[in-house]
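You will see two complexes here that share chain A, one where it goes with chain B and one where it goes with chain C.
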Partner chain A sequence: MSRRDGYLDIVWSQFRKNTAAYIALWLLVPLFCLAIFAPALASSVPFFYYDGHKILWPWFRALLNPEETVDFWFNMALVAFVPWVVAGVIADRAWRRRGMGKWARMSRVAALYICLIVLASGMMTVPGIRPDNRYRARTFPEEQFRNEKNVVAFYPPIPFGPTEQDIESSVKPPMYRKPRFVTNPEGQEVLNWRKSNDGFPHILGTDDVGRDVFVRMLYGLRISLTVGFVAVGIYITIGVVLGAIAGYFGGAVDIVISRVIEVVILFPSFFLILTLVGLLGQSIYIIMVVIGVTGWPTIARLIRGEVLKQRAIDYVQAARAMGASHSRIIFRHILPNAISPALVAAPFGIAGAIITEAGLSLLGFGVRLPAPSWGLILRTGSENYHYWWLVVFPSLAIFVTVTVFNLVGSGLRDAMDPRLRT
Partner chain B sequence: MLSYIVRRLFLILPTLFGVTVVSFCIMQLAPGDPLLMQLGATGLAGQGTQTREAYLLQKRDLKLDRPLILNLRYSLDHFQAVRQAAHFLMADESEIARQLNLLAKSPNDPENRAALRFLRGLGIPRFRQRLADARERPRLAKAVAAYARVYCEDVGVHGVPPLIDLLRRRDIDPHEKIGVIHALNAMVVQPFVYTYSYPPKDADTAKVVGAWRQWWRRAEPLTRRLSDERRAELTAHFRGMLELDRAALFEELDYIDPADTRFYIETLLSSTSLHERAVAAMALRRLVRNPLRLDVPPDAPRELIEEVADNWLVHYDLNRTLYEPPLWQRCLYCFTDTQYAHMVWRLVTFQFGRSATKTREFVATKIWNAVLVSAPLMLMAEVVIYLIAIPAGIAAAVYRNTWIDRWITFKLFLLYSIPPFVAGMLLLLFFCYGDYLKWFPMLGLHSPNADSYAWGRYLLDYLWHAFLPVVCLSLFSLAGLAMYSRTAMLDVVSQDYIRTARAKGLSESKVILKHALRNALIPILTLFSSFLPALLGGSVLVEYIFGIHGMGRLSWESIEQKDYPTLMALIYIDAIVVLLSILLTDILYTVVDPRISFGTQDGQA
Partner chain C sequence: MKDEALLRVRRLRKYFYGPRSLFSTERKVARAVDGVSFDVRKGEVLGLVGESGCGKTTVGRTILRLIEPTSGCIEFKGRDITHLRGSAFRQLRREMQIVFQDPFSSLNPRMTVGAAVEEGLIIHAGANQKRRFLSHESNIGEGTPGQTNISPDHDNWTDPEQRRRIVTHLFDRMHLPPGIWDRYPHEFSGGQRQRICIARAVALRPDFLVLDEPLSALDVSLQAEIINLLMELKADFNLTYLFISHDLSVVEYLSDRVAVMYLGQIVEMAESSRLYAEPLHPYTQALLSAVPQMDPTANRHRIVLEGDVPSPDKPPPGCRFHPRCPLAEDICRRQAPNTLDLDGHIVKCHIVERQRSGEGRIVAEEEPDHLATDAASRRS
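Up next, the complex of A and B:
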């Protein structure tokens, strides 16, 4: 370790020593890619569709007009992905030539992606730019099946949508493929397929109305990740601001904020979340806000303690002597030194929020059908344990995701803990 | 130490205040009226009188008709509004529609202006537009009738004095008195008390005797006189009735003769013994179906109106303290007769009342029954957690960086990542459902016929049922506690006094068990603060999955059924238990570790 290493370099070198956490950090990349590229992997809408007269591009229209707003953000991320990679590589080179540090470049590239997503979403609100979803009412697999001769269509690798129902193949085990012919009561063999994607196997089976479990889990990943990140973002913001204010100003402010922290901590959190969601209504945004509003006290407490410690150190006095304002001292001088407990808590918080969302959906207080959510699949599974794939696979998904975030969190904790530093 | 505890107890007060504020906000967040939710989609105007009365009683029971935090209704003048309400309650819908036409035609007439002001204040949706539209008026008339009634119900006691003033006047049209009587019926639920509450209280005497005296004034000339023999006979029989217990008394009352009414009313009016009066009132209630008329049909004759009006005047006299409280009481009511004050009072005195579900069980009973189910489960889970986690954590710390440490840490980490409900569902799937193994039952805590078992078998049955839930409840917290005790032990092991102990030649087991362990247990003690709340709290999801009717299930159900009294009580009790257990832990801390004393520190509470 050379003398020029910054704090982040030290943390990073510590983090890399923890193999499990390091692997988990890299596992986040495919996890996010799965969430972002879900429509490209699985959708019942073809990329292009040639009906004998002209070529349609229904997938792109559906991509820009999703039913769920969560899907909209992820689709924008998908749209912005290629421009980001190109722009990111170019910008990164330019910044490196200017001698910018590794971490500054990385954070700027990440910020670039967020800017591009916001830009893309903003463009979609300009009238005339977003193409309308004029094929919403058409079921392309069915159309294609009816006149198979003339049609050329190209589907994503898994040609099922997250809300596409098929009562005939309800609760079917993994790798189920709809039989092409069935014997009817008169003993004749009749064609059973109705759609061009009927011959494709359901990799992880189907649920009670014949929706593909794997596809729903894929789209459910989007909901889980959104809930996790947004809820934790909300409560870390609230917690850091309130905790810093309480710790920095002390006195009456501290007493009031500490009482508020104590009051919110007193309520058992899952129960409080359940109550609020039950009263306010079930929507994914309400769930995120409620988790955020109930989760901040622990963060505020940690930050308050840390700020109290930092406030006594001389550099704060120095900053004040130089005439820095309170907000500048708090946010530019103290917080960078005091924020590590909040950063450590973030991955654990994300894991917790994912668990909470799944639990709420399992109880029927979470997202509403037909939105795909792991908890909702579990809810269907809990009605009849005979359909084991409805229990095992979502459980596995929750377990893997939660483990990944917990591993990253524990790695971060060990790396940021100065007692373990060598 | 003592002063520290006292200070902490004082700090609990503002926190509890915050708790009640948060609970109150949650209650107010409720969309619509929690009681209407329960009555279902019958709608406001379409309810039968029975449901309507039950609804009103319940609403007043929970004080939901009061203002939120400041009650100024005692100092407001309701006369004009109440008179208008009575006016609209008198008429039927076609009459109201006709009046609406007049109102729409000449809105600036002074009398019409007052009527319009009242109607606008009712909060009928889109009133102005609908009044302007002639085709809408018949339907608007229907709405006006319903809303005027609801207005009367909401005004409650405050509307009664002006209406009584109207009834007393000789100059008003008897027809208008009908409207007044309708309005009074909407405002007052069960105006008269005919029998004593059980056990009888002397405070009821004035109301009970007053009601029956009013009845007797009209009924006396029509009642048969009694001969002396019969009277003596009845006196003896009545004396016998006084000896009976409540159930037997009820049975005995089935056989009394309506011809003897005069005896019972004379006993009630003349007796000095509370018990005699109570029994006599019960007998009278059994004999007289409908003592005092309080409502009139729209086409009532003048005499009937006068009779009913007279009854209402008597009601007002009997309840004068309720309607005309003294000035100091009115000032007090500004702050104490509000929804918030009543809620705080219910919480502070732990009088949670009845739940808002159809069964109207007592909230306290409901919660107690749930605690009896979930507390043993949680106790077992906690014991399992402590028995496994602490040794595991300490072993991991002692054998730090060996394969034992790595194995334990890894296993614990996996456990930490399995949410309890996922573990529960997987366990149910593999061990209960029967496609794989059928070792444990699916649902509940007892077999269907468990009540007939001997206690040994009952216990085994219970343990058999409780095994998987306990496993689920323990898995998640196990990892946290073990990690915590590992860190605590690691901290201790690196201390100087452990090195000293080793240096003076103590055996390794003695160093660990005697010197390290005792000090490592101190931070673990802090986790006891989660012990009590967990004991009372239960787990919503695990109880949901395993079909256990404990605290978690109760809270889930009360949210689903919008049972606010239960919900509030649960939130409040949970908060108090957490608060107390935190305090308890701090005290325990000082007891165990003499180095820590809160008495000497300032402001570090």
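Up next, the complex of A and C:
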């Protein structure tokens, strides 16, 4: 630890000592990459398609016209990824030359990515710019493969989409490969498929209507991560702001907010979601918002206590004596010193939200079919335990993801131990 | 200029109220400051001494309105600031600053020291801009140019470059090492931190500075440096200090006048030389006799006070000092003493009053007690 270390450097060096948490943090990188690059890895539409006369780019059109809003954001993250890496490296070098600190650069590069995603989404929602999507169905090339001889198409490595059904290959075990020749009722061997990539094996098998489990899990990761981050983002924002206000102003404000906390903390969010889904219909957004709106009291309590502690310290008085406004004191002085409980709670909260979403989908109250979700795959599997791959793999995915987030959270908690504060 | 009162405090009270108990309407009232009146003249250093818990710090913070007074009146530059609000109040924040006792807690650990000192300039940038234009003509010929680069009338606080220049210059001025802008407080020693705190307070070019025991967290060699620094700054920036301390020798060295506090009240106040030469109040005499002397063989009569300072929520009736006073008489137990002004030497003691009432005049009759309880009941 050098003398120049700021608080984040101390936290980081403590965090690195925790090997399990350190590995878990790096595991988040492939996790996010899998979520972002899912269409590049697995999609039923080819990158390009040459029908003998002209080249079509169905994959890019499909990328900009997803069925799910969640997919749209992740697709935009995919679109913005390459420009971001280029711009990020250039900007980082410029900032480093200007002598900006490591953490300031990192946060700015992260902010740059968010800006690019928002920019891409903004552009792609303009109907004039966005190309229409004529090639959604998987059957589009297949029919033409059958008719035409000199057709060229290039597919992603796994040529299956998350929602396409194939009744011929329902509930097939892992590594099932569709036979090229099948015996028809007359006992003759006939050609089943010719040129499309149907020969690629279903790595983790298929579900009851022949959807590829691996691809569904890949796209389900997007939904899980979104639910986790959005729900936790909502409740941390509410919790931090209300907790800081209650702790800072005290008096009647504190009493009111504390009573609200005590009421809301009693809401069983899981059953509230069940009720709301019953009333409003199935939607992933209802889940996110309800988890967000019911989860904040714990954060608010932690922040309130921390703010109460910080408020009594002289630097707050010094800021007041300087004439700083309340919002300046809260957000620039107190919160940077009081935010660590919320940061520690965030990874645990994400893990909890992922479990809640999976549980709700398992019960059939979560994501609506045919959208991919780990809970929904489990639901199919729970109907017949013979199809073990429908139970084991989604459970493993939930287990790994939740464990990774919990490990990061516990590492962060140890690293942000208040005893380290100087 | 010397006699002009920059700050006038009259009958200042600050009561802290305990929680209401379940079965009675009475609340515990801690009378931290109970009727304190004094003036701080322009350009002087008023020392405020007393034991810990006597309300010195509360007085300092109440003057800055970091704590709202229960009653009383604070006048700054001839204007009542007790109930000031809004932009006038913010302007006041620039004119009065404070340096806290503990340099380890008075700097935000997550803020670089450059940002911490610069922040005040950012907050007051707009107001300063206005002031620059308004005072452009009237200020020509005033002040001593060349003495310092920092002049609110020529600096534009809205400009980051200029702010940086001002703060860097101040750090130099405080004998801090160069290039510390991006460092965090924990990288500095206590003395350096206290210099940063002083720089932060002085950066706004205040007229009045409350020094709330700025030396007591430092060791002696550092104390001397900081004292010299404070005196230099006072001369350069035309500052007026309220120096709160429990260290009598430091106060003697620094202050023009000294006020002695006991249990929320000023018991004696005089020119520094006069007070140290001829302490009148028995409490001051006891305090001074406790100051360590350089010469161990010197013949000293040490007055040892018995008992502890009574709790401010149950102040003794009559003279507050009587339970510990070696001279206490019957009247001390019954009646609160008047404030006697002996040609600028203010003292609050029955014994002194009886002996020397012919020489001075009684400033103010002690307020009847019901007024105080009135104020208390209004608050609760």
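FYI, the second predicted complex is superposed on the first by the 402 of 422 C-alpha atoms of A that agree within 3 Å, B and C clash if a C-alpha of one lies under 4 Å from a C-alpha of the other, contacts with A are read in each partner's own complex, and residues count from 1 in each chain.
Methods note: a contact is a pair of C-beta atoms (placed from the backbone, for glycine too) under 8 Å apart; a residue touches a chain by one contact, two chains touch by 3 or more.
The structure presented is a predicted model; accordingly, all values stated were derived computationally and were not measured.
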**OP:** Considering only touches as defined above, state whether A:R259 meets chain B (first), chain C (second), both or neither.
**Re:** first
Original post:
Which partner, chain B or chain C, is in contact with more residues of chain A?
Top reply: B
Original post:
Just chain B (first), just chain C (second), both, or neither: which does A:F270 touch?
Top reply: first
**OP:** Considering only touches as defined above, state whether A:A358 meets chain B (first), chain C (second), both or neither.
**Re:** first
**OP:** Answer with first, second, both or neither: which of chain B and chain C does A:A35 touch in the superposed model?
**Re:** neither
Original post:
Can A:L56 be said to touch chain B (first), chain C (second), both, or neither?
Top reply: neither
**OP:** Could you say whether A:V79 touches chain B, chain C, both of them, or neither, answering first, second, both or neither?
**Re:** neither
Original post:
Does the superposition put A:I329 against chain B (first), chain C (second), both, or neither?
Top reply: neither
Original post:
Which partner does A:V213 reach: the first (chain B), the second (chain C), both, or neither?
Top reply: neither
Subject >> On chain A, positions contacted by chain B and by chain C >> reply: none
Original post:
Can you name the residues of chain A that touch chain C in the complex?
Top reply: 3-4, 6-7, 101, 313-315, 317-325, 328, 332-333, 336-337, 421-422
Subject >> Parts of chain B lying in touch with chain A, wherever the complex brings them together >> reply: 14-15, 18-19, 22, 26, 29-31, 413-414, 416-419, 421-422, 425-426, 428-429, 432-433, 435, 442, 533, 537, 540-541, 544-545, 555-556, 559-560, 567, 570-571, 574-575, 578-579
**OP:** Under the touch definition given earlier, write down the residues of chain A that touch chain B in their complex.
**Re:** 259-260, 262-268, 270-272, 274-276, 278-281, 351, 355, 358-359, 362-363, 365, 378, 381-382, 385-386, 388, 391-392, 395, 398-399, 402-403, 406-407, 410
Original post:
Which bits of chain C are touching chain A when the two form their complex?
Top reply: 61, 64, 66, 90, 93-94, 96-98, 100-102, 105-111, 119-120, 123-124, 182-184, 186-187, 197, 200, 204
